[in-house]
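Next, two complexes with chain A in common: one pairs it with chain B, the other with chain C.
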Partner chain A sequence: MSLAAEAFVSQIAEDQILLSDSASSLAVQTFLRMCGLPVQVSCCANAEYMSPSGKVPFIHVGNQVVSELGPIVQFIKAKGHSLSDGLDDVQRAEMKAYMELVNNMLLTAELYIQWCDDYTATEISRPRYSSPYSWPLNHILAYQKQWEVRRKMNAIGWSGKNLEQVYEDVSQCCQALSQRLGTQPYFFNKQPTELDALVFGHLFTILTTQLTNDELAEKVKSYTNLLSFCHRIEQTYFKEHDRESQSGSSRHSKGSLP
Partner chain B sequence: MGTVHARSLDPLPMQGPELGVQADDMDLGEPEHEEKQEVLENKDVVVQHVHIDGLGRTKEDILTYEIADVFRAKSLIDVMKKSHEARQRLLRMGIFRHVEVVIDTAEGANALPNGLDVTFEVKELRRMTGSYNTMVGNNEGSMVLGLKLPNVFGRAEKLTFQFSYGTKETSYGLSFFKPQPGHFERNFSINLYKVTGQFPWSSLRETDRGVSTEFSFPIWRTNHTLKWEGVWRELGCLARTASFAVREESGQSLKSSLSHAMVIDTRNSTILPRKGALLKINQELAGYTGGDVSFLREDFEIQLNKTLFWDSVLSTSLWGGMLLPLGDKPSCIADRFYLGGPTSVRGFSMYSIGPQSEGDYLGGEAYWAGGLHLYTPLPFRPGRGGFGDLFRTHFFLNAGNLCNLNYGEGPRAHLSKLAECIRWSYGAGIVLRLGNIARLELNYCIPMGVQSGDRICDGVQFGAGIRFL
Partner chain C sequence: MKNLLLCWGGDWDLPSVHTDSLIVLAYAKFSGAKLAVKSIDWTWRTITASVPQLHYEASTVTEPTQILNFLRKQRFNADYELTAKQGADTMAYIALLEEKLRPALLHTFWVDADNYANLTRPWFTSHSPFPLNFFVPGRQASLALSRILLTKAESPLLNITEVEGKIYSEAKECLNLLSHRLGNFHFFFGDTPTSLDAFVFGHIAPLIKAPLPSGQLQKHLNQLDNLCQFCNTILKNYFNASAEKRTDCSPTAIHDPVDANLQKLTQLVNKESNLIEKMDDNLRSSPQHRPNSTPPS
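Right after this comes the complex of A and B.
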């Protein structure tokens, strides 16, 4: 079965998307490019509500809609494209473990910084999230999202942490990834897998996003092999495939890596 | 002297010496009394006092307007007629459980020989009435709590609250109504509500939280309503299999709109009228008082009824509407018109006419629908005079069209677009009238002019509702 040209939808309205969604969206885009499939990105303010699971990004292929990286990988595999076929069972288990690590650590840290840190929430997250709506709906929706994320943080035990501890956790996660990567070009030697796509999505977004301070980006930059890993993937899959300014996706700061 | 009790007079005849009072209510004493009463019938009287007994929290100033007319009566018949009208006016305010009228000769120091005292004995409604129901249906159970406070501050204000807590959805409504003292038809109300709706024909779920204020006032023979409404609308897909066009409409939006409605209703009844006409014109402008959606919407409803030979009634109706999105955003699925079903063009499934995508009906920006009905009593008139009078047989012809217009073209192009691909149907059935509010129908329908994409329901179709084409 082959995949016809697909529409790939995410919440990118350039001035609306937040760090965590941008990272997830970039991860899916990278994965699809690694599979060699045609990708088209379209932006809607209501992408979060359009998605069947409530999370962005989601892909729309023919008349099927699939959201989030895990199900998308499964869906693409069912269509006959897979990046992790060459792995044996042990490696596959390891890959899943690392993907869980990224989701539990990096993604949660991103959410924490966006919504639980008051300064960031007030200066960046709430204004951006509510930008397409008019008063008073914009305030209602922004606060509703903030409460929802804070409740989730409570549930997983992160509400007791402060910002320093979160940065520490990010640093430890990056250390684990850095150690696994070592000097190899990709996590599982020569061929990229969905783990590479996921890690690239998050790290690249962190490095290129302007937050209220640069601590998060600094934590990542301190691991040079991760930095060169991001450069490499950017060069291979994004600069090569389109010559226009599209460095992967749009984010609310500047495009290239430092 | 004899007393004349004028109780619930329904109806009151207008001609001459025949009084509407039942003969056995009159105090027929000796012949001299009879003669006196006959004399009183057409003699000039003066109403000296009008009392209202039984007031608790109701303030008197609003009542003086309703009973003022009684003072102007000149003869006994006039007094009885005007007291009857005053009683109706007091009852329509919705603050009294019942009203009795007692007309007596005047007593007291300054009583004139032809003076009369009229007393209204009223019983107020209780301060608060509540109701509690449980409802089960549509895979959902819910508890419904209702509270009604009539006459809250003494001037016929009404506060109602309804709360429904279900396994799937929760909804509530709070409403405050205040009439202008002396002019009950001029009133305003404020509503606060949350309602949820599921529309399987579009695979759409809608939750509305809103607030609205409306003013109603009569002008000559028409009734006008001005309303401002602010609604937070949340749209979502009802099923995973919803089409992408409906998925694209999901999300949150805010609608803030001003609307005006004009109604002229000369029918003798809302359900199954025998004569009279109805004209309703409604316009809504959204977007200029805030909100995300911006449109101008017009719709109208006309109905004409005429009694023909042998107790049968011919009724024609015409509905139409147009939605014009202002600005560059396309119209929202929740604002568009829908057509089809047992309450509009019969023979088609509910709201299943017009533009659709993968089986989900998206509604249209312009529509018209017309109906021609002939209502007759049931053949052989079973149960005549009682239960059988609630039923009617009807023969109908319905037609309509729903489409999206390209507003760049002129009115000629619009008319031709609305005139092509007309769906129509004909058939016959039985109508049951429920009180003065609703009706049930069981029809045999034959749909015609079916376009590809429409869903039909030919054969037997059942319908229940308030507003029928």
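Right after this comes the complex of A and C.
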């Protein structure tokens, strides 16, 4: 059964979106393009509330709504498209393990930097997150989101870390990914899988987003095979849509890779 | 300068009932590090200390990952034979354990009403001093519940029962993945155990050995023979001292499995030959046989 309707990927608006959400959204877009499915991105300010699980991005196919990369991959698989069919059990175990590594380390580090680092939170995250709302709602929502993320960091034990340790964790995660990738074009040799989509989503966003300092991007740049991996996927799947999704804002510009 | 490790005590054939403590204890055995182990049971540390905790000279290290890094810097490294890719795999599988298995383990021991009331709370209550025994289990249980809800429950699923289905199915899938990866090998990377083996052991050993009244995850794990075998092999070869004894991890305590089997075999053969001799004596001294005549074939 083929995917008859087009998939709409919904995410938060361009000048409101933050690093972590942008990364997740790009990962889903990349995955859909890798499957060869037509995809349209639509942005709305209340995407978080429209999503069935409270997380962006989510896809809208016909009259079904599915959010987050894991369930989206399963949904697409049920429709007959899958990138990881050629993998045996051990390889599939490895793929899932590496996807958890990215979620555990990279995504958590992104959230930490956005919301637990006071300087970034004040300069970038809170203003952007609350931009579509008027006073006093913008203050309330921004602080509420920050409080939620800090609670989660507390629960998993990241609240005791300082920024240096978080950068170190990101570096180790990139090192592990770099060593796993080696000189292959994709993580499982010739065919891209959802792991490639996820890694690309996060790394590309980190490399092209301007934060208060460039340390995060520098950490990623020091691994040349990861850089060329990102270039390769960008060239293969995004070249015709390169400039479409660029925002006008100078603070949070997404362009091609340096 | 000895390293002093503080951790929860042992029971159910395990050196410790606490996952993080088990990880550190197993790694210490694998890497040959000598640790003086002190259990925090029946002390005030049950509520004040974050366990496991390693004391070395004046400094203190907590959290299994930090402690393992510290031991590696002291040249107790069980991973030095791993390739770069295997090192990367280790990080990935540890992340998998933390994300997929740990929430279900926390739920099984601390949130499931049956298990908590009949096993976990009585155990921790009986191993904490008065008056802490009223507070320690409750505090751990609420920490476990909040961790599960904050990491796994998205906003519409604020109720724990709705999250349960999801976390148990993820945990079962995780166990299946581990079983596939282990295959028929003794350890995850060949014939010698590494830090990944320590992490997996720490997570699954309590689940295998604890006498849980209601354990759907335990049943699932018992069906995965290679993981149970893995756990028992480590217990037999590295923790063959009984759980109550706190001995140093000296190299002589680590028996070569071949020698141990040989010893057992020798004992059995000796027993058998003693029996045979006795039987022979009985036969010879029985009235039906005269000492000089040969016994009938």
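Note that in this section the second predicted complex is superposed on the first by the 241 of 258 C-alpha atoms of A that agree within 3 Å, B and C clash if a C-alpha of one lies under 4 Å from a C-alpha of the other, contacts with A are read in each partner's own complex, and residues count from 1 in each chain.
Keep this in mind: a residue touches a chain if its C-beta (ideal position, glycine included) is under 8 Å from a C-beta of that chain, and two chains touch if they have at least 3 such contacts.
Note that the coordinates shown come from a computational prediction; the quantities given were computed from them, not determined experimentally.
*Asks:* Should chain B and chain C be called a clash or a fit once both complexes are overlaid on chain A?
*Replies:* Once both complexes are aligned on chain A, chain B and chain C fit side by side.
*Asks:* Can A:52 be said to touch chain B (first), chain C (second), both, or neither?
*Replies:* both
*Asks:* When the two structures are overlaid on chain A, which partner does A:63 contact: first (chain B), second (chain C), both, or neither?
*Replies:* first
*Asks:* Decide which partner touches more residues of chain A, taking chain B and chain C as the two options.
*Replies:* The partner with more contacted residues on chain A is C.
*Asks:* Could you say whether A:44 touches chain B, chain C, both of them, or neither, answering first, second, both or neither?
*Replies:* A:44 sits against chain B, while chain C stays out of touch.
*Asks:* Rounding to a multiple of 10°, what is the angle at chain A's Cα centre between the Cα centres of chain B and chain C in the superposition?
*Replies:* 100
*Asks:* Should A:103 be classified as contacting the first partner (chain B), the second (chain C), both, or neither?
*Replies:* second
*Asks:* So, does A:94 touch the first partner chain B, the second partner chain C, both, or neither?
*Replies:* second
*Asks:* Once chain A of both complexes is superposed, is A:141 in touch with chain B (first), chain C (second), both, or neither?
*Replies:* A:141 sits against chain B, while chain C stays out of touch.
*Asks:* After the superposition, pull out the minimum Cα separation from chain B to chain C in whole angstrom, please.
*Replies:* Least C-alpha distance: 10 Å.
*Asks:* Using the superposition on chain A as set up above, list the residues of chain A that contact both chain B and chain C.
*Replies:* In the superposed arrangement, which is not itself an observed complex, chain A uses residues 52 for both chain B and chain C.
*Asks:* Report the residues of chain A in contact with chain B in the complex, numbered from low to high.
*Replies:* Answer in residue numbers: 44-46, 48-50, 52, 60, 63, 65, 133-137, 140-141.
*Asks:* Quick one: which bits of chain A touch chain C in the complex? Just the residue numbers, please.
*Replies:* Chain A reaches chain C through residues 52-55, 89-90, 92-94, 96-98, 100-101, 103-105, 151-152, 155-157, 172-173, 175-177, 179-180, 182.
*Asks:* In their shared complex, at which residues does chain B touch chain A?
*Replies:* Within the complex, chain B touches chain A at residues 232, 235-237, 240, 243-244, 247-248, 250-254, 290-292, 358.
*Asks:* Name, in rising order, each residue of chain C that touches chain A in their complex.
*Replies:* Listed in rising order, the residues of chain C that touch chain A are 63, 84-85, 87-89, 91-93, 95-96, 98-100, 146-147, 150-151, 154-157, 173, 177-178, 180-181, 183.
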